[in-house]
Amino acid sequence: MNSIDFLSVVTTLKRIPRSGWITHGVSLPDVESVADHTFSTCAISLLLTDLERRRGVRVNAEQVLRMATLHDLAEALTFDISKSYLSYLGERGSELKNEIENSAWKYLARGVGSVSLSIGYSRLQKQYVRNMTVEAQIVHAADSIDILLQILELRKRGYPADLVKDLWSETVKKVRDTPVHSAKDLLRTVTRSGRKAALYSLK
Amino acid sequence: MNSIDFLSVVTTLKRIPRSGWITHGVSLPDVESVADHTFSTCAISLLLTDLERRRGVRVNAEQVLRMATLHDLAEALTFDISKSYLSYLGERGSELKNEIENSAWKYLARGVGSVSLSIGYSRLQKQYVRNMTVEAQIVHAADSIDILLQILELRKRGYPADLVKDLWSETVKKVRDTPVHSAKDLLRTVTRSGRKAALYSLK
Amino acid sequence: MNSIDFLSVVTTLKRIPRSGWITHGVSLPDVESVADHTFSTCAISLLLTDLERRRGVRVNAEQVLRMATLHDLAEALTFDISKSYLSYLGERGSELKNEIENSAWKYLARGVGSVSLSIGYSRLQKQYVRNMTVEAQIVHAADSIDILLQILELRKRGYPADLVKDLWSETVKKVRDTPVHSAKDLLRTVTRSGRKAALYSLK
Amino acid sequence: MNSIDFLSVVTTLKRIPRSGWITHGVSLPDVESVADHTFSTCAISLLLTDLERRRGVRVNAEQVLRMATLHDLAEALTFDISKSYLSYLGERGSELKNEIENSAWKYLARGVGSVSLSIGYSRLQKQYVRNMTVEAQIVHAADSIDILLQILELRKRGYPADLVKDLWSETVKKVRDTPVHSAKDLLRTVTRSGRKAALYSLK
Amino acid sequence: MNSIDFLSVVTTLKRIPRSGWITHGVSLPDVESVADHTFSTCAISLLLTDLERRRGVRVNAEQVLRMATLHDLAEALTFDISKSYLSYLGERGSELKNEIENSAWKYLARGVGSVSLSIGYSRLQKQYVRNMTVEAQIVHAADSIDILLQILELRKRGYPADLVKDLWSETVKKVRDTPVHSAKDLLRTVTRSGRKAALYSLK
Amino acid sequence: MNSIDFLSVVTTLKRIPRSGWITHGVSLPDVESVADHTFSTCAISLLLTDLERRRGVRVNAEQVLRMATLHDLAEALTFDISKSYLSYLGERGSELKNEIENSAWKYLARGVGSVSLSIGYSRLQKQYVRNMTVEAQIVHAADSIDILLQILELRKRGYPADLVKDLWSETVKKVRDTPVHSAKDLLRTVTRSGRKAALYSLK
């Protein structure tokens, strides 16, 4: 069996910049890697899982952490195609994005070198995209909270509010709409921290 | 409850360079972040868990992934104190390293904002350091394999074998000594790939 | 009339890394911008035009330089989707690539703020893609020669031959197959220079 | 014939930072390359040419694009000696600047490997410096507009207005004084866009 | 005799980032090297020495410059352990910091390859830490003034006042408390310059 | 009195890249700052002073360290005009270089804000350029040894011998011709270390 393709994709993610930030005008050396973002999503997912459990929600932590770890793996091949595509491709954009990411994911899963593992990983990825289980919803919320934290990071280094205003509001909205209650608590914590740091223009 | 300190540590790890590479002479912009390394450790741990299970070994995957996610969190505060300290501090070095990392870890755990979570996280960290359970051993092996993959990365970009020769051999030795059998299989895969890439000088 | 979208795309290209180099394993700070590459393509196209004219070939220099300037503009939106897509998308890959780049180009042309200019620019882009006129062939050859020069640059900084071996041979092949004779002369010059610099492993 | 020196200069420009930005206090990784700037000047020159033609002005587009492509080539050798020299060299400064750039340019032209091409390129460069033809004036205007766009870029990333206030006003003044009418239209577009982006402090 | 270890430490300092800035949230490519800081401390120490002499104070300039050159050499080994350690180590922090830096310094002094030189260098370092002589006080003041200048640098590039407010006030306080009168004059000059640059929020 | 211009030049040197390395093809993020180089020259000058004294040579250490600290200050204004100028300016090149650096130096000396200090600093700079005293010769030797160490640094990171062969031989020659005997000892140490590190191609 040969898992080198899987390992090589993992290593590559350390070098792939999150292209969404480039589109938003962030200076290249200030752009985090996809691996940076994925780690943060894992850690926030872990925290959300524990907070949800304390509220009495049943969560399969193993599944959450697997999904968080794998959720952006395909970006080693797709280079983080972001929603900016949608601006000029219109509705066709999300179709294309899905087709490309699905193909990339199949290619990756084969790289694990084991059919059964490969099927398992693909199934998880589909569960993440469908976003119907509490586990998937936790990872989506964590993904959003990481974006908000990264915006605060950029604001603290002097990036103006205008640069990321749209991204901030649409991401805040996503967290407000999530069924994961602890994520909303976390959102309040994050927003309050942003306000304290005199980053008022972000509501 | 207030988890902002925990979140802020997670975000900080994206900006902390792995100082071991600086010590080894790697150019600063080529040095990965601690977050980059942690993501990779998570992904490799996940793969090792699945490979071990296929060999019939019982592994608590949730625990493995929790440990992998948290294992380098303290470096946001300690700035990745590495073994280079030992060279001039002698035996006293590892004592100091432990004392500093323990204090950092306690400080972090308090930042989670919940006593029970904090206790749980600290317990995991201790389990990782003691390295007696199969779960801890998988994370240690994954940590080592990530180092080997990163060395191959650097070699592919032209860094000479001499720069990382010592690190390579001592890390290979660690994986050879692990009780995690799949890690040894993975080691062979990694080594073979290095050899194919004409990086012969690394045995 | 309002050309700010066109200008903003031009400025953005200074910040978009040529993702092909990332795929090949080049360290991010060593990756040129799409603007860097486009300038070089312009200068080499200009030289090829003059050399071809001295051979008695009739070339419309204005058209060559227009095409060279505009040929990668769409990458501000598509983020330099490269042939790596083809590896996991198969034949469907080049279809998708075309669809995405065409949509991007239409979006851009509208940004010029003038219907007639927009039509003219789109027509040029189509001429470039079809690659049937001597003008388009000169720009394609210049684009290839810039890739070869960039490979030599990387080799001089210590990147190993293996990293770029495939790209080197396929690009050399392209120049060998071009009907632009001066490009073949230039290829010999470039290859000889690479050989002098003791970069033998590149044939 | 041997054009390798010319090609090597072209490639070098990708690595030469525009030193004017360093003098103004811009952080090194945020400084564009001379090649970045030259590409942008080419694209804006092309747009200005087309806009002027629509106003009924006769413009030799080939000459404009040749001049734009070549206008900063000498900076591969002079490292973008900027007007900061004038501050301590007084009037003697512009004499020296001219002498150095002329010598550099002669050296470059010889590198083309053909006497006739070399003479042609030198003649174009002189025409650019004299700034008497509409073609030269278009390239000068494009060069200025690129500076303004780059200032807006820096402002969007958080650089304060004070850092570039002087450069902004003197460059705006240059565009106001140009006989190229479309450049003034473009100036209004650029200024309005700056104002929208809440970068008010730039008048 | 063999001084290669000493030379290698000197060279290494060019690559070690001042970790205090990372802790404060400065973007990694904007973080100066320890060598950058040491050069600046040397130059400011030299100026302070000359200004003090003009006030009639007797200063041993050789000793000042030796101390300034050597004062941060140990950071090649300790990686600039900063006061952030104190936040989680409490009082124990400064004990540990001292123990680690002392061991590092002894290790370095041995690297000079000569017992007598080594003893001399260690004695100077102790004099610097004790901070009782006018020479040591000049170097401490220069070290502080460099921090203030660097903060102004960061402010000019757009870093918000909040990011460095605490560091600014505590460093200003240090200079106010120094017995070196010219340092207080210099402080006024620096502060006034900051105020002119509209960086009001820093008092 | 107002020394802010002097201080601002000192701070600027942290951001000025040593342009000689860019000319030699070193990747921009791998290029040290002028401040980095100056610090290293100070430290090596200090070591050479002590080694010479042990040989019984009388050296004014204060003067050595002042000269080392100030020797490249003018590069904040001249942007490290290097000998590459000579290649296309011929003999006129070194005349121009001198004229520019002298004017820059006068401008700087005025910035100290005190006539007597200014005269003293200018006198030192002249002594350095004339290179007739043992103090000046020590600083020149230190400057050369820093270049050799930096070449070894680059070689260790994978830069090929060819890139810096010429610079290496001409710098070795300079040290061989110096009357400072300890510098020749140091040269042997440096060369031997290079040889050990399997960087044979540098003789």
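When the chains are written out, they are named A, B, C, D, E and F in that same order, and each has its own residue count from 1.
Please note the rule applied: a residue touches a chain if its C-beta (ideal position, glycine included) is under 8 Å from a C-beta of that chain, and two chains touch if they have at least 3 such contacts.
Quick caveat, the model's predicted, so the values are computed rather than measured.
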Any chain that touches chain F and chain D: C, E
In contact with chain C and chain D alike are the chains A, F
Centre distance in Å when chain D and chain E are each reduced to the mean of their C-alpha atoms: 41
Taking the mean of the CA coordinates per chain, how far is chain B from chain D in Å? 49
Chain B: which residues touch two or more other chains? 25, 27-29, 153, 157-158
Looking at the whole structure, which two-chain pairs count as touching? A-B, A-C, A-D, A-E, B-C, B-E, B-F, C-D, C-F, D-E, D-F, E-F
Which positions of chain B touch chain F when the two form their complex? 25-29, 157-160, 162-163
Considering only the defined contacts, which chain F positions touch chain B in the complex? 29-30, 153, 156-158, 197-198
For the chain C and chain D complex, residues of the former touching the latter: 1-4, 6-8, 10-11, 13-14, 29, 32-33, 35-36, 38-40, 42-44, 46-47, 50-51, 54, 61-62, 65-66, 69-70, 73, 112, 114, 116-117, 120, 145, 149-150, 152-153, 185-186, 189-190, 192-193
Can you list the residues on chain B that touch chain E in the complex? 15-17, 19, 22, 25, 27-29, 77-79, 81, 84-85, 87-89, 92, 96, 99-100, 103-104, 106-107
